[in-house]
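Please find one structure pasted underneath; my questions will follow.
By letter and in written order, the chains are A, B, C and D; residue numbering begins at 1 in each of them.
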Amino acid sequence: MLNNVTLLIGITLMYSTPLVFGALGGTISERSGVVNIGIEGMMNIGALAGVAGTYLSGDPWLGFLAAGVCGGVFAVLHALAAVVFRADQNVSGIALNLLGPGLALFIARLFWGGTQSPAVAGLPKVFGANAFSDTPWANLNVDSTVVLGLAAAVAMWFVLYKTKWGLRIRSVGEHPAAADTLGINVSRTRFVCVVISGVLAGLGGASITLAISSQFSITAVSGQGFIALAAVIFGKWTPQGSYCACLLFGMAQALTVVLGGGAIAVPSQILALLPYVLTLVVLVVFVGKSVAPKADGTPYEKGSR
Amino acid sequence: ATLVACGGTANKGGGSTGSAADGGGTYKISMVTDVGGVNDQSFNQLSWEGLQKLEKDGGVKVGYTESKQESDYPTNLDRAVDGKNNLVWGVGYAMADAVKTAAKQNPDVNFAIIDDAGDTSISNLTGLMFRSQESSFVAGFIAASQSKTGKVGFVGGQVSDIVDMFEWGYKAGVDYANKENGTNVTVSSQYTESFTDEAKGKAIAAKMYSDGCDVIFHAAGGAGKGVIDAAKDANKLIIGVDSDQYRYAPKNMLTSALKNVDTAVVDISKRIRKGEKLGGKTITLGMEDGAVGLAPEHDLMDDKVYDAAQKLMDKIKKGDVKPPANEKQYDTWHAELEK
Amino acid sequence: MEPDPRYAVQMHGIVKQFGSFTALDHVHLDIRRGSVHAILGENGAGKSTLMNILYGLYQAEEGTIFLDGRPTDINSPADAIAAGIGMVHQHFMLVDDFTVTENIILGDEITRGPGLLDMNRAREAVQKIISEYGLEVDPDAKVEDISVGMQQRVEILKALFRGAQTLILDEPTAVLTPQEIDRLVDIMHALASRGKTIIIITHKLREIKASSEMCTIIRRGSYIDTVRVADVSEQQLAEKMVGGHVSLIVEKTPADPGEVVLEIRDLVAHDERGLAALKGLSLAVRAGEIVGVAGIDGNGQRELVDAIAGITRARSGTISVHGSEIQNTTPRNVLEHGVATIPDDRQRRGLVLPFTVAENTILEGYRDARFGSNGMLDRRRIDAYTSKLISDYDVRPADCADLPAASLSGGNQQKIIIGREIESRPDVLVAAQPTRGLDVGAISYVHETLIAERDRGAAVLLVSLELDEIMNVADTIAVIYAGAIVGTFKQGQIDENLLGLLMAGGSQS
Amino acid sequence: MRTLIKVARRPITGTLAAILLGFIVAAILLGAAGFDPGASFTALFQGILSRPRYISNTIIKASPIILTGVSVAFAFKTGLFNIGAEGQYIAGAVCAVLVGAKLDLPAPIQIPIVVLAGVAGGAIIGAITGELKARFGIHEVITAIMLNWIMLYINNFIVMSDLYHRPNSTGSLAVSPSSFTTILGEWKISRAGQDMLRGMDWLQDFLVRPDVNIMFVAAILVAALAWFMLHRSKFGFALRAVGFNRDAAEFAGISVQRSMLCAMTFAGAISGLAGALVITGMQPHSLATLAAFENNGFNGFSVALIAGSSPLACIPAGLLFGGLIYGGQNMQLAVGAPTEIINIMIGTIVFFVALKHVFSILTSRLERRAEREAHRLGSEDGAAPPPPAERMTEEASAAERESECSRAPGEDRRDARQGGGTDAQ
C-alpha cells in the first residue's frame, strides 16, 4: 500500500516536471500578453541543447544551463515576430513548432551522425544515487529537476504577485496602454518574458533528456509542449494553477502505469488514453471556463484605442 | 510451427567475401526504414549498420530513405527502385504489404523484408525472420534463475506478433527455469503502448522493481531506454534486447537477447548479390545460425546460471527445446511442460 | 510667443501626421503655471493627440515643447512623468483586476529590498494623498468594482502620486453627474491653488466657464485662438469651435404617445460577474414617445439593454412587446418581435469591423428572403440595398459599400448602424449611447433621426450618460440608480440638479 | 514604381517572399552543414517533377493535407483554432475502417457509406470540441489536444482488437475492395488496361504505380464548397460574423453557441473526410498501429497558415507542402541531405508568413516617400498630384483584406485600422 502511494507520487512527479517547466514558460509569456504555442518547439531545442551541452562539457548541470540559454535564444525569434514586428502570435508560434524539432534533428545529425545522441550523464537524484534502496521511500528519490520545477513555480508565483516586476508584467498583459502611460516599456517587458519563457521551456526539454532518459531522440518531447500549453489554460494562466494542472496530468499518467499490467482488466491502449479523458472530465466538471489575460495575443500598438 | 526454415547456415554461401569481381558497375543496395527512422536503435539502425559495413567492404553502394508515415512506404520503395538499386530492403513487418506490391511491380529488382515471411509466390522477394523466442527463452531462464525475489518482469512496446515472440519466449523460459530449479518465479508483464515513450518505460519498470521484481527484460525499442534507466535508479538487473546494450548500464545489464539483424542483412545481401536464388523464400534464422543469441558479457551473472544457460542454448540449437513464439503456442508448450 | 519661465507648458508649432492624414497642423499652446486652462474642439479636432504628444505617447513631426521656459524633449511617458506631467486619459488607463493601490503605484512601486513590493507602505502613501486632496476612494478595492467617478479619482491620484505639477485631464466630465462635476471643478481649483497647473480637455462649454481661466480652441487640427474665458460667451466659444453658426437646442414637436409597446416589469438580472445588476426594474415605453434613461454608468444600463436584446438572462420579471413576453428567448426572437437595438459600443457590439459596409448592413437582416433565397446571399440585391442605405443616411464616402467598416470614421460607422436598425422599421427602438464620441454635426443628425422614428410611431428607449442629451431629446425621463428606476418625469418637469441628485442615489425630498 | 508597389502590395507577394526566404534559409543551413544547396534543391525538384509518377504522387500526398488545411482554414475563418485536425483525421480513418471492413455492399452503395462513416467520425470529434467550448467555455485548444491523443489510442485499440486485427501484421483489416476510391484501380493493371496504356508512356507512368484516387478532386470540391459556404451562403455569413466579432453577431441575433458547434462540426467533417479517403483511396486500405502522430492534421495547420486561411489557397499551399515533403525524400536519397531541412524550410516559410504584414508596411512607407516626392515635383511642375484620398482608401482595404487572411479572427481587431486612410468627407 505504502509502496503504491509513494510509487504513484514518484511517477506523478517524474511525468509532470517537464510539463511544469513548459507550462511555466507558457504562463510567463501569456501573462505579459504574448500567446506562446511555440513551447513544443522550444522544448525540443532545450532537449537537444541539454544533451549536447552535457556531451561537450561532461557536466549535466552545464548541459541544463545550455538548454535554458538555447531555449531563450530560440525564443528570440518568437519575441521578434510577436513583439517587435507585431506579427500574428499564433502563426509565429506554430512556425517555432516546425522549426524547433527540425533544427534539433538537423543539429543532432551534424553532431552525432544520427538523430539520436549517445547516452550522457544525467542530472542527479535528489537524495543521491540508490538512496533508500529496497524501501518504498526509494520511489520518492526523485530527479533533482522535480525540485527545480517546484522551485521555479514558487519563484514565478513570488515574482508575479510579490514584486514590482510581476506587477508590471501582469499590467502589460492586462492593459498594455495603461502600463505604457506609466512609463513601463511594454515591448521590452514582453520581449523579456518571451525569452524567459524560452529559457523555461528549454529547461523543460532538458529535464526530459537529462533526467528521464539521458539522451536525445526525435521522440523525447513528442507533444509534451502541447500538453504544457493545455496546462497553462487549465491552470488559468497562473503559475500555481499550471503547476497543479501538470501534477494532475502526471498523476493520470502515473495511474495508468500503476493500474496497468493486468491490475485491472482493461486493454492497455484504453488505459493509455485515460489521462486525456480524465483531463477533459476534470475540465468539464471542476474547472470550466478560464479567462486569458485581457491583452493576451494582441500586439500592442502605441496609441491604439 | 508456422516458420519455414530454408537457406540454413549463415556462412556457407560458396565463394569468397571480397568481391568486386561481379563485373559491371557497383552493386546498389537501398533500404527503406519504417516510421521508427534509421536511428531507432533497433532493427532499422542495425540494418543500416550492416549495410554500411557491406559498403566498407567494397563493391557495394548503399543508401536509405526514412519513412515518416505509413503512406510513405510505397513511394519510398518506388524511389529506391528508381535509384537503380539492385536490392531493396524493407525494414520491419509493418512494410510487408508495401514491399510485396513493389516486388510484384518490379520483377527485375530484388527485394527483401525483415521480420516478415514474404510471399512464396513472389520470385524476387526474400523474407527474413528471426526466432527471437529462442533468445528470449534463454533470457527468461537466466532471469528466473538469477532472481532472488521470485519475481521478474517483462516490459513490451506495442503488442504485435514480433513482440509476442519476446514475451512468450521469455515467459516459457521462466517456466522452464522454475521446473529445472524447482522454484516458483512469477512474471509480471506490461506494455508501454509506444516504442518511444521512455518516461512510460521508466515508470513501468520503476513500478515493477518496487513491486519486488529484481530482473526485467524489455522489448520496447526506444521506450526500453527508460527501463534501463529505471534499473540504474533502483540498482536492479535488466536484460537488454536486439543489440548488446551492456554499454548503457554496465552495472545492471545482466545480458542482452541479441537479434543480429546487421549480420543477417549483410549475409543475405551478399548471397543475393552472388546470384543465389533466394527469391520466393523465407529465411528464418535462429540460434543455430547465430542470428539470435545472448550477449557475451556475464559479469553480473552467477557462473552456475551462465553454465546452465550455455547448456540450454545448445539444446535449443539442437532442436531439443523449441520455445513458443506466441500465446497459443505457449499454452500448448506449458501444458506439455506440466505433464 | 517667446519661451517664458512663467509658463508651465508651451507647445510651439506642433505638427503631427498619421500616415498621410495631418492630425495637427502647427498648433500653439501656452499655459501659465498655476492656472486652469481649457482646450476646446470638436471630436477629432486633435485635442487628445496634442496632449498625447505632451505626455510623450506620440512624437510630433515638427514643433518644440518648452517646460518652464526650457526646451524639453519628451520621448516617452517616463520622460513626461519625470518632468512632472501627469495625464488622466479620455479612456481610463486602469488595470481592471488590480486594486486601487496597485494601479496607483504601478511603474513607481514602493519596494523593500530589491524589487519586493511593500504593499503596506504603499497603502499608507496612497492614503496620505487621498486625505491630502480629499479624493475619497478605497485603496484596497479592485478597480473593476468601483464606480466610474471613483476610477477617475484613481487616475488623478496616479498623477499626484508621481508628484505631477502639471495635470492633464482629457474629457474628465463625460461620465460624471452634475454633482460630481461640481466636485471635480472644486478639486481642480484646489489643486491650482496649491500651484499645480491643470489642462482640461472638453467640449462642454459650461464646464469651461465654471473651471477655466483661459481656453485654447482647435478646429480640425488647426490652431484657432486662445481666449480669456471670462471675456467670451458660450455661444461665441461654440462658434469658434465649429467654425460657423451653431444651434445648441434640439428642435422637436411635442410627443403624441399611443399605447404601451414595451413594458418591463420587476426585471432582475445579473451582470457578467454574476452580481445583481437589475433589481426589480420596471419601465414602460409607449408608441410615439422617447423615454430617456438617465443615470451614471454602471447602474444597470448595460444589463437593461442586454436583457431587452435577449443577451442577458432575466432572473425574474418580464419584458413584453405588444403584450407578448420576450425575456429569456433568443436575440433573434427579440428582433422578430420588432425590437431594434443600437448598441452602446459600436465597434465591439454594433459592427463587424473587418466585414464590408455592405455585409454590415445585412448583419441582422441577412436571413431575410430580400437578400437571397435557398440559404444563399444575393450579391446584387445586397448591393442595391446598401447603396440606398448609404445615400439615405448620408454615409461617407458614398462608395464605401465594399470597404471594410473599420476604415470609416466613427460618425459614419454609427450612421451605418442607425440606418440598419431603422430600416427594419422597428416597433421598439432601443438606442444605447447613440452619440458617444460623435461631433456636433453627427450628434444632431442622430437626434433628428430618433425624433423622426418617434414621429413615425416607434417606441424609443434612449439610454444615455449625457444628461444634456436626455434633457433635450427625451419626452419622458426615467432615472436609473442601482438597478432600478427611481423616478419618472415628463420633459421639463425636472431640472438638472434634481436629476443629478437622483442619479447619485439621493432622494427627491 | 507604381506598378512595383501595386505588385508588392498584393497578399500573394508576401507569401511568395516568405517561400523564397524559406529556400534561402534552407540553402544557408545546407551549405553550413556541408551539402551543396544547388544539388540538394535539384534533387528536391527532381523528386517532385522529374517523372509523371512523381507528379502524380505529389498530388496524392498533398490531397489529405489540402483537406485538413481546408478544415483548419474554415475553422479559422469562424474564429476557432482547430488544432484537433489530427484527431479528426484519425477518427475519419477509424470510422471508415470500422464500417468498411465489415460491410461489403456494391460499390455505389458501399463507397458513400464508408466515406460518410469517416466524415461522421471526424464531425463527432469536431462537435465534441465545439460543444465543450460553446456549453462549458472550455478552450478548444485543450479539448483538441486531448482528443488527438485519445483518437491515437483508440486507433491502436481498434487495430489490436480481436474484431479488426489482421493476423500477422501491425495493421487492421482492410476495407472491402468495393469501398476503394482509387481511379481505374482494377482496370489499370488488367490486361485490357495495360494494352491500352502501352505506348502512352506518360500516362502509364502517371497512372499505374501511384494510388491515383479521387481525393484530389474531392479536395478541390471541398475547398470550393468551403469557400462558397463562407462567402456566399447565409450560414457561412453568420459563421464568419461570429468569427470576427462574437458580441456583434450575438446582438444581431446570431446564435454564437450554435455557430461554434456547427463550425467545429463542419471542420471536423472535412478532416474526417481526409482520413476516410486515405483509407479508401490508398494502400494498404487499413489502419496501422500508430507509434506517433502522422502529422496529417498538423501539416494541415501549416498549409492553412501559408494559405492565409483561405480555403481555396489551401490547394496550392497543400501542393507546395506535399511536394516539399515528398520531394524531400529524394534529397535524402540523392545527396544524403537530412529530411529535417524540409521541416526547417516549412517552419521558416510559416515564420515569414507571420511577418507578411511587415512587407506591406514597408511598401506603404516606400509609397509614401514616392508620393511626397511626386508631390514636391508636382508642385514644382504646377501639375496637380493625384488626389490621395481615393487611393488611400483603396489601399486601406487591400491591407485590411490581407491582414484578415493572416490573422485569426475573433481576436481584438481594433488595430485593424492600421494601414492609414483619410476621411473623404
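Here is the rule we go by: a residue touches a chain if its C-beta (ideal position, glycine included) is under 8 Å from a C-beta of that chain, and two chains touch if they have at least 3 such contacts.
Here the structure is a predicted model, which means the values were calculated and not measured.
Comparing the CA-atom centres of all chains against that of chain D, the greatest distance is found for C. Once the centre of each chain is set as its mean CA position, chain A and chain B turn out to be 36 Å apart. Note: centroid distance chain C to chain D, computed from Cα atoms, is 44 Å. We define each chain's centre as the mean of its Cα atoms; on that basis chain B and chain D are separated by 40 Å. Contacts with at least two other chains are made by residues 159, 193-194, 196 of chain B. With touch defined as above, residues shared between interfaces to two or more other chains in chain D number as follows: 153, 156, 160, 292, 414, 417. Touching of two or more other chains is recorded for residues 219, 222, 269, 272, 305 of chain A. Pairwise chain contacts in this structure: A-B, A-C, A-D, B-D, C-D.
For chain D in complex with chain C, the touching residues are 232-235, 237-238, 240-241, 244-245, 247-255, 364, 368, 371, 388, 392-393, 396-397, 400-401, 404, 409, 413-414, 416-417, 420-425. The touching residues of chain D, counted against chain A in their complex, run 29, 33, 81, 83, 132, 136-139, 141-143, 145-147, 149-150, 152-154, 156-157, 160-161, 292-293, 301-302, 305, 338, 340-344, 346-348, 350-351, 353-355, 357-358, 406-408, 411-412, 414-415, 417-418.
Those residues of chain A that touch chain D in the shared complex are 37, 41, 77, 81, 85-88, 90-92, 94-103, 105-106, 109-110, 219, 222-223, 226-227, 229-230, 233-234, 267, 269-270, 272-273, 275-277, 279-280, 283-284, 287-290, 297-299, 301, 304-305. Those residues of chain A that touch chain B in the shared complex are 3, 6-7, 10-11, 14-15, 114-116, 119, 122, 125, 129-130, 133, 136, 138-139, 141, 208, 212-215, 217-220, 222, 253-254, 257-258, 260-262, 268-269, 271-272.
Taken together, the chain C residues at the contact with chain D in this complex read 18-21, 309-311, 330-332, 334-335, 341, 343, 347-355, 359, 362-364, 366-367, 371-372, 375-377, 396-397, 400, 402-404, 406-407, 409.
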